[in-house]
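One structure is given below, encoded as structure tokens.
Labels A, B, C, D and E are assigned to the chains in the order they are written; within every chain, residues are numbered from 1.
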Amino acid sequence: MIDTWLPVGVVLSSFLPGLFIFFLAESRIRLRTALNLIGALAKLALIGVMLWGVLNDHEYVFRHTVLPGLDLVLKADALALLFVTLSAVLWLFTTLYAIGYLEGAPHRSRFFGFFSLCVTATVGVAMAGNLFTFFVFYELLTLATYPLVVHRGTEQAMRAGHVYLGYTLGGGALLLVGTVWLYGLAGQADFVHGGSLAALPPETAGQLQVVFLLLIAGVGVKAALVPLHGWLPLAMVAPAPVSALLHAVAVVKAGAFGIVRIVYEVYGVEFAQSLDLLTPLAIAAAVTIIWGSLRALFQDDLKKRLAYSTVSQVSYIALGVALFGPLGTIGGLVHLVHQGIMKITLFFCAGNYAETLGIHKISEMDGAGRRMPWTSLAFTLGAFGMIGVPPLAGFVSKWYLGLGALEAGMPWVLAVLAASSLLNAAYFLPVLHRIWFRPAPSAWPAEHIPQRGRWETAPLLLLPPLATAAAILLVGLFAASAFSPLDWAKLIADREYLQWTP
Amino acid sequence: MSRAVAALVVLLAAGLAAALGLAMLDLPEPAVRLPARVAAKLGDSGVDHPVTAVLLNFRAYDTLLEVAVLLLALVGVLALARPHAARAAAPAHPLLQTLARLVAPLMVLVAGYLLWIGAHAPGGAFQAGAVLAAAGVLLRLAGLLPAWAQPGLLLRGGLALGLLVFVAVAVAVLGQGSLLQYPPAAAGGLILLIEAGLTLSIGLTLAGLYLAGTEVEP
Amino acid sequence: MSVGLLYALAGAALVAIGLAGLLLLPQLLRKILAFNILGSGAFLILVGLGQRDGGIDPVPQAMVLTGIVVAIAATALALALARQLLDLSGRMRLPEDGPDAGAADD
Amino acid sequence: MTDFLDPLPWLIMLPLAWGTLAFVLGPGRGGRLAIAAIALQGLLVLQLAGQLLAGGARVHAVGGWGAPLGIDLLADGLAAVMLLLAQAVALPLAIYARGYFAAQPKGRELFWPMTGYLLAALNALFLSADLFNIYVTLELLGLAAVGLVAIAGGQAPVTAALRYLLATLLGSGAWLLGVALIYGSYGSVSLAILAPLVGADAPLAATLAAALMLAGLLLKTALFPFHFWLPPAHGGAPAPVSALLSALVIKATFYLVLRLWLELFAPLTTVAAAQLLGILGAAAILWGSALALAQTRLKMLVAYSTVAQVGYLFLLFPLATLVPPDAAESAVQGGVMQAVAHGLAKAAMFAAAGSMIVATGRDDIGRLGGVGAHLPLTLFSFGLAGVTLMGLPPSGGFSAKWLLLRAALETGQWWWVAVMIAGGLLTAAYVFKVLRRAFLPVASGDRVTRVPRTLEFSAFALALAAILLGLFGAPLLALLAVGGAA
Amino acid sequence: MTAALAFDLLLVAALVWSAARALTVADVFRGVVLFIVFGLLMALAWARLGAPDIALAEAAIGAGLTGALLLDAVGHLRAKREPGP
């Protein structure tokens, strides 16, 4: 009984506070903060219980029939928990950060209401037990993030919101068609280890290939696969906490996670391989990785550079999925977590520079390290992680991806990884150089928050990036220990490749 | 509207007429013969004029809804007349007043006769109501009835009486059968009761449709 | 040909006249006349076809009685509306251009 | 048999009675009576649904005669679903209307009697199993609807009401003509008697009758290109009226189309006719959505949205005609689900729009700034209703779309898939056009006032119901299946 | 029989003619008058169809009341057209 309702509890732990906050008066700051934190902590507690259970081969499943032959299923398996845990932890940090970031800003009830809905949708995506449920939360995510993207209400934000909606609703439509089609072919499309479509008669193969294309294009919009990535660089007009959440956890990850589920648990990785679907996916991912990095090189706007970096980095996940074999899978899955931690750190820092000193452009960052050493340290860790410097998180991901490429017999992927790392270095190192080695200007563009004693900026803005930066180091250093992301990714890969022996 | 569209519409109408005509000339023998069934059940209907039997017993439910349509139309007309508060009735010609005083009671008598005869022969509530309406219009034109645009409680009650009685009878018999299933022994009486209510209300309503409608501010 | 069928055929002609009038005539009073003619045609068809074998059929007759009352109700409402429109706009006809056209350009 | 509280007759007599009593009580009176009575009607429908699920379709022979001499009332699954929709929409709207007319008294004098007759007509229509009786209910419905459109006066509403009246009278005229031909051909107007008599070898008169009745109903349902009367009528009436009309009145005639198509005239249907209906539906979706997007007045936008959403209803015909029974069932379920979902969502949307107009004092999308800050619940309701109309999950609109898409893919008619997807995206475009304006701050010189709580909560209840329908649609489909209507 | 048939044919012709003229005659007032004539002819037709109930109703309501309403509307229209002195 309690097993059934645990996944629902995880979803509701952010949904109910979100609904409540939505209708709270602007001035009820304490109550709002309390609701946010209670929700976040309750979610973490529930997840903790389930982590323990799943490690011991337990599955938590909630099932509700919406229409005959159409079930809403929430399921907490190992893969779901990987993503859920990431979301819940980073949500907590982002909430704290947002409370500091939005102090005194208007429309905070609306903001935190949608913020909570956004996380609700993300954990729903994570725990979706079938394609339909995934679609439900995937669309909810679109609706919950739109108000956050346009939160500032400026002309630019409105335009970005328009583009965002156009892309994501279009993607959702493709996903819907693919889903309906698949249900027509296969009945239900539950997520099961090894997929369920291999049992379909062989004459449906052609249709299944088209459906795959529809589904991947549908989730590829949010995962920002080139050429479906156009919305992401525009969406960075949103407030920093939103960008952090969008890029690290909620939106792009939901897309990437969708690719994982579709390949592994709808089609089954072997069946997908037999339909010749994995190589095209790998090529699309590789193109995205290179293209995103190249575009990032030429951005002077810090958040835009980070946004293109996201385009590139998220496709590592898709690439890992497309590499046939457990090692590639491990690399892709662990990067799902690692990229989240690294990118959220970078966006927190970008937000700090903007909020504290009014720095938005890379050309304005000269000497920022001396004024804001802690923020800059966190930023440096994030950037090194992205480049793949050992022993940071990004290195672990890239290592396993490389091994996976060799295992899958796709050595050209190594070249992509190498090129991408070089490009990462090319667009991050100059930034670091400016921060640490250039002299500071006589005045910052707009200093909003003055230095107060040891605090270079507001405490709630500083602590979250420091915490996540520490995590970048820790998950790399202790990758081999129990409950590390890598360990968990291995557990998942074991279960996905249960029947497979190389 | 352009000539081409007009020609098209005329063609459409002519085509419809032709199709109707063709269809009518090629009709099968009806599978159901209702006149025979009406005749067979006429004895149980409480009246002996077949049309009245259909109207107030076999298909009385149609009639009930139709009375509602009539009252509804008056409500709609009143809603439109409303913004222009009732004008004081113009003082009528004394001759008209005398005439109305003479003729109106006569018309009420005729209405009563039509109502009564309806059970056996052509006539009934609608025809009686129409006569009553004519009397009402006459009285109003003679300034002997209050304004219609904002009917008072009594008048509203009179307008609604027929429908309310009809509904009351319809549901009162639900305990022993279905809607409007009169107990055979009481059928004739109940029908007369309904018709009496209807005559009054239909008369008032029809008069109202004319008077309230024409009282709209010029 | 029975009397019933003859009048039913006349009803068909009346329906056609009423339909064309309702669609083509711009003046609202004419439209209301046309609607009544259309209705009368339908009534004739109903009774005429029911009695095409020469007998009397009380059922369609009762239906037509109901129909006549409904028609007067509709006519009264239509006239009240038309008069209201006359008072408000000074015309007793509907604006020519369709509502789509009006909405699209504002 | 001798059940005094049998819901079938009471569902019709009750609104007739309270409508009439509201008239007798006097101008503007009767709101509380109406709310209590509609709540009672709601209970009766629930009781009826329980009876149907337990014991199958029910017939009530009015007058005890039985067809063909008397008139039968028939309650099967389809009728029960529509009755449920009607009461479910009417109750929150009645509560809404009381608040609305308190804030905006224009037109409140005779609102309640007309609404009573409107609901009586709807319930009577859904339950009727007699073609001529349906004619009377259609006229009652049409006149009540026209009266309600004109209730607030003014040149635009009166013009709209006249246009609507002429259209609806022409529609009923066509229906009556059909009834005359059917009576002439078979000697009866009872659906139960006629159903076995109408076969593929039906005489010309029956085919002509089918065509006439169908055309009349399409005109009344405002299917493209017969939609010309709808936007000014629905967009110009007071908000509670618009909500009733868009949510329920056009659904009543759609219900008749569905019944005739699936039952009485099923032997006469052809693939070509079904495709034609589908094409008109598709045109309605695209044209209605495009025009909704072009509107500057909020209520006109919502009204054009109705034109578009009606189109979805008619997609069920090509998907349900002469195809495998599985797909046909899915299509009919989808169509009915769409009717219910749109009913709830559109009522919510008109109600929310009405609140926004009361609050801002004008019907202008460009001046909605501040609504998001001052009327969050209303805007949220509008958004939820929009979610249903877009067909996003989880909502009744999504369930409908899912079922229709499924039928389309199963029968290989992918072109309807494209139409539905395009329609969903266009819907999103016009819904977000409103939402993004409402999120903006108040423009200088504009004022946004508070509206009564009842306005906000009744709209929210409707929107929430449309969403919950997406999560709990299965019982509704079980009810629909009673009596083999689907 | 033939006399009756001739009468019926004449009546039908008159019905169709009066209906068509009521809609096409230039003056609305004359149109309404023709419509009242049409209503009375309809009453005759109903009598010929053995439907005296309808004949009565048609004469009283169809021709009578409808006619009165229409005439009143025409008067109203004319009053509008020719503003008073």
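Here are some notes:
The criterion applied here is as follows: a contact is a pair of C-beta atoms (placed from the backbone, for glycine too) under 8 Å apart; a residue touches a chain by one contact, two chains touch by 3 or more.
Quantities reported herein were computed from a predicted structural model and do not represent experimental measurements.
Note on connectivity: the fewest chain-to-chain touch steps from subunit D to subunit E number 2.
Among the remaining chains, those touching subunit C as well as subunit E are B. Contacts with subunit A and subunit E are shared by no chain at all. Here B-E and B-D are compared, and the pair linked by more C-beta contacts is B-D. Chain centres were defined as the mean of their Cα atoms; on that basis the chain farthest from subunit B turns out to be A.
Chain-level centrality, scored on Cα centres against the all-protein Cα centre, points to D.
Chain centres here are means of the Cα atoms, and by that rule the chain farthest away from subunit D is A. Subunit A and subunit D, compared by their mean Cα positions, are separated by 43 Å. With centres defined as mean CA coordinates, subunit C is found 18 Å away from subunit B.
Inter-chain centre distance (subunit A to subunit C, centres taken as mean C-alpha positions): 66 Å. Measuring from the averaged C-alpha position of subunit A to that of subunit B gives a distance of 72 Å. Shared interface positions of subunit B, i.e. residues touching 2 or more other chains, are given as 20, 24, 27, 34, 38, 51, 58-59, 62, 66, 69, 72-73, 76, 80, 126, 206, 209-210, 213, 216, 218.
Shown for subunit C are the residues that touch two or more other chains, namely 8-9, 13, 15, 17-19, 45, 49, 52, 56, 61, 63, 65-66, 69-70, 72-74, 76-77, 79, 81-84, 87. Shown for subunit D are the residues that touch two or more other chains, namely 132, 136, 139, 143, 146-147, 150, 153, 158, 177, 181, 184, 187.
Contact between chains, per the stated criterion, is found for A-D, B-C, B-D, B-E, C-D, C-E. By the touch criterion stated above, subunit E contacts subunit C in their complex at residues 4, 8-9, 12, 15-16, 19-20, 22-23, 28, 31-32, 35, 38, 42, 45-46, 48-51, 53-54, 57-58, 61-62, 65-66, 69-70, 73-74, 76-77, 80. Touching subunit E in their complex are the following residues of subunit B: 51-52, 122-124, 126-127, 130-131, 133-134, 137, 206, 209-210, 213-214, 216, 218.
Across the interface of their complex, subunit D is touched by residues 8, 11, 15, 18-19, 22, 28, 31, 35, 38-39, 42, 45-46, 49-50, 52, 60, 63, 66-67, 70, 73-74, 77-78, 81-82, 84-85, 88-89, 94-95, 98-100, 103-104, 106 of subunit C. Taken in their complex, subunit C has these residues touching subunit E: 3-4, 6-7, 9-10, 13-14, 17-18, 21, 25, 27, 29-30, 32-34, 36-37, 40, 43-44, 47-48, 51, 56, 61, 64-65, 68-69, 71-72, 75-76, 79, 82-83, 86-87, 90, 92. On the subunit D side of its complex with subunit A, the touching residues are 333, 372-373, 376-377, 380, 383, 387, 390, 392-394, 399, 401-403, 405-406, 409-410, 417, 421, 424-425, 428, 432, 436, 439-441, 470-474, 477.
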